[in-house]
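In the two assemblies presented below, chain A is common to both, partnered first by chain B and then by chain C.
And then the complex of A and B:
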């Protein structure tokens, strides 16, 4: 429960709800514990359903889309939980859009999505000669289209769009249209377009036409994408910790926000094969950070 | 083609302004079209490596020789209507032809005026015809420019990797993958010089199986003053299949029908006529990608040409039936295995078998099929033996049925003294076994009104041995990424020995019945290995993008050809290539989707045949202006090209005029 204008009477408890045990989530939980060690918060692990007798936590932090969905369901089914704000972390913005139930008042989110401005800045730093940005827009990524158009226009870049409403029929014709004109392919998160099988074929097709692919996951870069702008979980953890700091001091959760921290990954072998002169990942990160610092 | 979505679902997807979660809720409730929601897994889940070393093109600093790459966009913007025209962009390549229906692009032309000493591959299938003039020009003419993804020209001898005919270089043409051409495309060209081209393409499928069917037609009236109209129609099919994970199979088939003008007006020995040429082919290629950057490739192809050219010559005052009609067949089987042996050593090896055969009573004086087979094996090691050094050592061994075993070795060092600057130097030896006609040609003509027996024109006695080319070269490749500039310079010395030529059979005089005193014998010709020649030259190519949207390409070639052991001084100066060739291309993107290209080709004087038909210096300017726009859902492109903008060009020889006239043509193409 958000407390207005005043410190907490007692050290608040924060419930951590992970989508899954082990792997990514366990790593994230460990990082959170480390980053919030100095905060006056008590951590509690979520138990399925939540015990009726234990006191409600002050805040629920969910890691992942599945955890958020279950937390939202719980808040809907048990009115008491409907008063406990939820901080949704480690998920993309579009996952939250598909939530069937609204979240309690005072809830917020820290999304994995990188702001469009940062994509544009990275493209400008890494591939300044490439002025025609190709994007495939599917059901999930279509929502970002207006922002993309504005950002591209502002920088004098041409946006080559391929809209894919029905991937089974339209993916390859759209890819053909986009690769025909674009000199760089920007992959925005969309599982229908960039799921495991389709990603492989898109990587091969774009390489075949010597068009570099810029993606949102470091794993894609290892697979063959030339460049990625991704959100490492260390950065997510820091961002969550800073939101919790604001909460712990009684100011309430900050408004929902895109990823603040970021990292760049580069596949130097693919870049070299494409004849691209790519600066190292750390140089590109520094350059983007410098530019953001100025604006 | 396009599944019609349930109306409600369609409405859901096109109402982004609705509160997002409400809209998607309604859609997912219907469940007619399962949507996979985005989760954090998509950001962090590991993905298997797709672009392995074997899929990646070799960086130009690692290639064992100078390479020129021409991409699809450059081909389109150059306004070229056939493949030979595109090769102007390669240093040292002369583009011309004895007539407009037979365009040739050859290195060191006119020694190689039919492109015999250049290996031309289309998706791994050799376009070389072993019969008659043994060239690659007919094969190249049947490739539709619209279907080409990329052309890689390996300048300089590459026999160590590609075998016979790669004497002066390899032209590797890669056509578009079927998955990249899914959809429909139509293109029409009309213009002066009787230019009327059309290209229709239909592509369908997905990553497991994609296919393409294309129909193209090309026609024009060629040069002025020469009977060289071209009318060519071709139907091609390509299928790309993913047999299983890691196995890709490509199948291709095609038929090309050409009507090519031949002969000159007022020449009784070479009357005006139309040659009918048809090519059919089937090819299959498979790539098996194994783990650990290992790859296995195999290919098989079947090609058949049919040439019909029979005419009546009046050169002797009486009618004589002459011709070069033939049915030519080429079969080829090959496999190749590539693997890394250690961190610093990569190894490629392979073997193959080929058969060239022909049926031609006019060329071989028999109705039997004339055959020649060859088995071959090759290997190449790429070894990074020191930090900045790369060694390529290769050997090709062929066993030709008629001339025996021959070997073509190569040694090439690459030294990268700075990350963006590489020096290459090496030596190689290449061999070209003779064509079927060079080895077994037996051309006889009947002159019933004058002679009771057929008169031999050409009678090979199987004396021809393979030509040998030894070459030394030094080249440099440098990049200045900050200025978007790259430069490739190559200096070479090539010695060709045993060049195949004709000579009269002085040991076999033929006396005509009216030559009672036997004082004026006639001699037939035969093909033998003549003397050789030496070429020394330097060529370079410069690519520069001073700012986005502007591309400049400059290439020049300077060479000197000498024939130190020519039998007579006249022989020493016939068939001389131009000592200087220059190509300048300026490709400029303009605002509002306009596109402009300006091309300049300069050539110093040369002789295709004898010195008295010497062509003077020539300069040619081509220009193209295009605009991309939308026609409803379709993307369209309209272009106007003018070739020889600066005036008519004299081609071939000055004895009989043949002129490439200035011509303008317009192209409209659409993709939907």
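And then the complex of A and C:
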């Protein structure tokens, strides 16, 4: 904190590093500007790559895995930058796990991942009859397995696990095995498994087996998944703003955390086709929130 | 007639060629252009169909390839094969080619599989190789790890290849059918052109036929034949010309006939005169020796046939050589003419006088016995002896000797008959001239 002391004469500068200049990242940047407008912070773009002449920022906020990777590399290569904490946002926890370099001291993260408990609660609210939860675990999602097993056991659900170490060869056999036994397919964030190319066939396979798929992405619901529990960027922005507020008030960044906000998406047509009598997305959201508020 | 028909046919054929040839050439050019174009379109259409079929099969096979579902792949391949009669072979090759599924037959070796579509057309078949990729679903995936995001794939994972081989036989059949159809239409057009040409030609050939018929009749000798101008049509000048020509020919023919007749008459007259000249001695006007012999033969036959008497008198002017020598030949000739005239005065119409040579004459007396003949001879002798002839202002007198012979039926030769009379004449000469001697009758 002493390092930052000199900066207090003016407002601390926060550099925003984005993985991409367009799309969701641009929207996210705009949302952040808006949500932090009342904070005593100066935003600086990192388009110059953090030139040598300009003073170091007090904090770097990265959007997406690519930006975080660059920030980590910079901190690793330049000792001065090694003193600037990084707040990583808009990325899955798995992406941070695969970073080659450690982040500077004081860094934190706000992950896109929803807590396993919330998944379980959504399943309970949306598909109470389905007790055998199928899940594919790849390289990026294997880490959640213990948590998953505990959460399932706690609720008395059966967890049908299919482990896919090599998606090209093992994805479909594992999927088939899982779909044969499970009555709901839980797709946890793992782009190696649920990538753009495999997704359609996974959807087809699960649909043929009449097993509804519950996914982590709203896009998957548009493509034919029955249900999604996803993290809207508006919620991420609010969460980041909250962390920045703590930082600006001198309390430092909060500990890395999963997504606090969430949204539910339902493909009613698919649900109807599968003969599911499902509540609307907003009802489900409300139900999950109520349950979380109760605990 | 057949020749005329051939001619008319020839004209029709030429007119038809004149009308049809350019049309045929245009039709053929159009036909080949059309065929070429149509053939390209057919090939293009088949190529399109083949590619669509391969895309369809690829789409249908995607999940089976993803799922490694061999049964479904086999079923898809069989269904595709059964669904298109033009297909020769269908195959789906997963990434592991040992697990391929084939229906029908494929022409090996297949080209190497690539990441792109392949369309190969040979003269025999059309081959399509379509790579099957997993369909990409649009995801705004914030969860993508940097490596994966950096790849930014345009296509999904390659799952295998669809191979379809189409038979071009149907295409060839279609092309052949089209060709046949086009040829039939061309033939029909030609027949139509022939009918039209024939119709047009008949306006020329019909009058020409009429002219030809008339020319044929003229050639055959019917010079009165004329072409009817009302039927001549466009050939009227020709018809007029032919009629004029026929007129001329007829006129010439008439003139020629008259000339020939005149010439013939003249020739006949000349021939008669020549014949007469040969039979009549030009100096004396009596028969020549030949004519006398002919007449004598005839009379001998007649005397034989009817058993009539026939007598012959041989006459010779006495000392005629002296007359010639003394007064010249002109006077001699006058003597001969006068002498013959004297003889003629003493005979009947039926009697025949001939000059046998020089101053020797013969008189044949049909139906006259020897007694009468002697009398006639005597009359002649007297008439000769009493005759006068003016020669060079002088009065010339002369005599003749006569030998008489009677025809004997046993004696069939005129020469012998004459010889006997001649012998009697010789006897008269020998006995002093200016006398008549009778040849002795043949011994019984």
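Rule of thumb we're sticking to: the second predicted complex is superposed on the first by the 284 of 295 C-alpha atoms of A that agree within 3 Å, B and C clash if a C-alpha of one lies under 4 Å from a C-alpha of the other, contacts with A are read in each partner's own complex, and residues count from 1 in each chain.
By our rule, a contact is a pair of C-beta atoms (placed from the backbone, for glycine too) under 8 Å apart; a residue touches a chain by one contact, two chains touch by 3 or more.
Computed from a predicted model, the values in this text were never measured in an experiment.
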With the two complexes overlaid on their shared chain, look at chain A and say whether chain B and chain C clash or fit. clash
Between chain B and chain C, whom does A:294 touch in the aligned arrangement: first, second, both, or neither? neither
Could you tell me if A:196 is touching chain B, chain C, both of them or neither one (first, second, both, neither)? both
On chain A, which partner's contacts cover more residues, chain B's or chain C's? B
Check whether A:204 is in contact with chain B, with chain C, with both or with neither, and answer first, second, both or neither. both
Name the contact category of A:272: first (chain B only), second (chain C only), both, or neither. first
Kindly classify A:97 by the partners it touches after superposition: chain B alone (first), chain C alone (second), both, or neither? first
With the two structures laid over each other on chain A, which partner does A:129 touch: chain B (first), chain C (second), both, or neither? first
Looking at A:170 after the superposition, I want to know if it touches chain B, chain C, both of them or none. Which is it: first, second, both, neither? first
From the options 4-12, 58-66 or 112-120, pick the one stretch of chain C whose C-alpha atoms clash with chain B. 58-66
Please report the chain A residues shared by its interface with chain B and its interface with chain C. 19, 24, 64-66, 90-92, 94-95, 98, 112, 140, 168, 172-173, 176, 189-192, 195-201, 204-205, 216-217, 219-220, 223
Once bound in the complex, which stretches of chain B touch chain A? 1-3, 5, 13, 16, 20-21, 24-25, 28, 33, 35-40, 42-51, 53, 55-60, 71-72, 149, 177, 179-183, 205-207, 210, 420, 479, 481-482, 484, 486, 545, 548-549, 628, 635, 671
Spell out the part of chain A that touches chain B in their complex, as residue ranges. 19, 24, 64-66, 90-92, 94-100, 112, 128-131, 139-140, 142-143, 165-166, 168-173, 176-177, 179-181, 189-192, 194-201, 203-205, 207-210, 216-217, 219-220, 222-224, 230-231, 233, 267, 269-270, 272-273, 275, 277
Show which residues of chain A lie in contact with chain C when the two form their complex. 19, 23-24, 64-66, 69, 90-92, 94-95, 98, 112, 140, 168, 172-173, 176, 189-192, 195-201, 204-205, 216-217, 219-220, 223
Applying the document's contact rule, which stretches of chain C touch chain A when the two form their complex? 62-63, 66-68, 133-146, 148-150, 153, 155-157
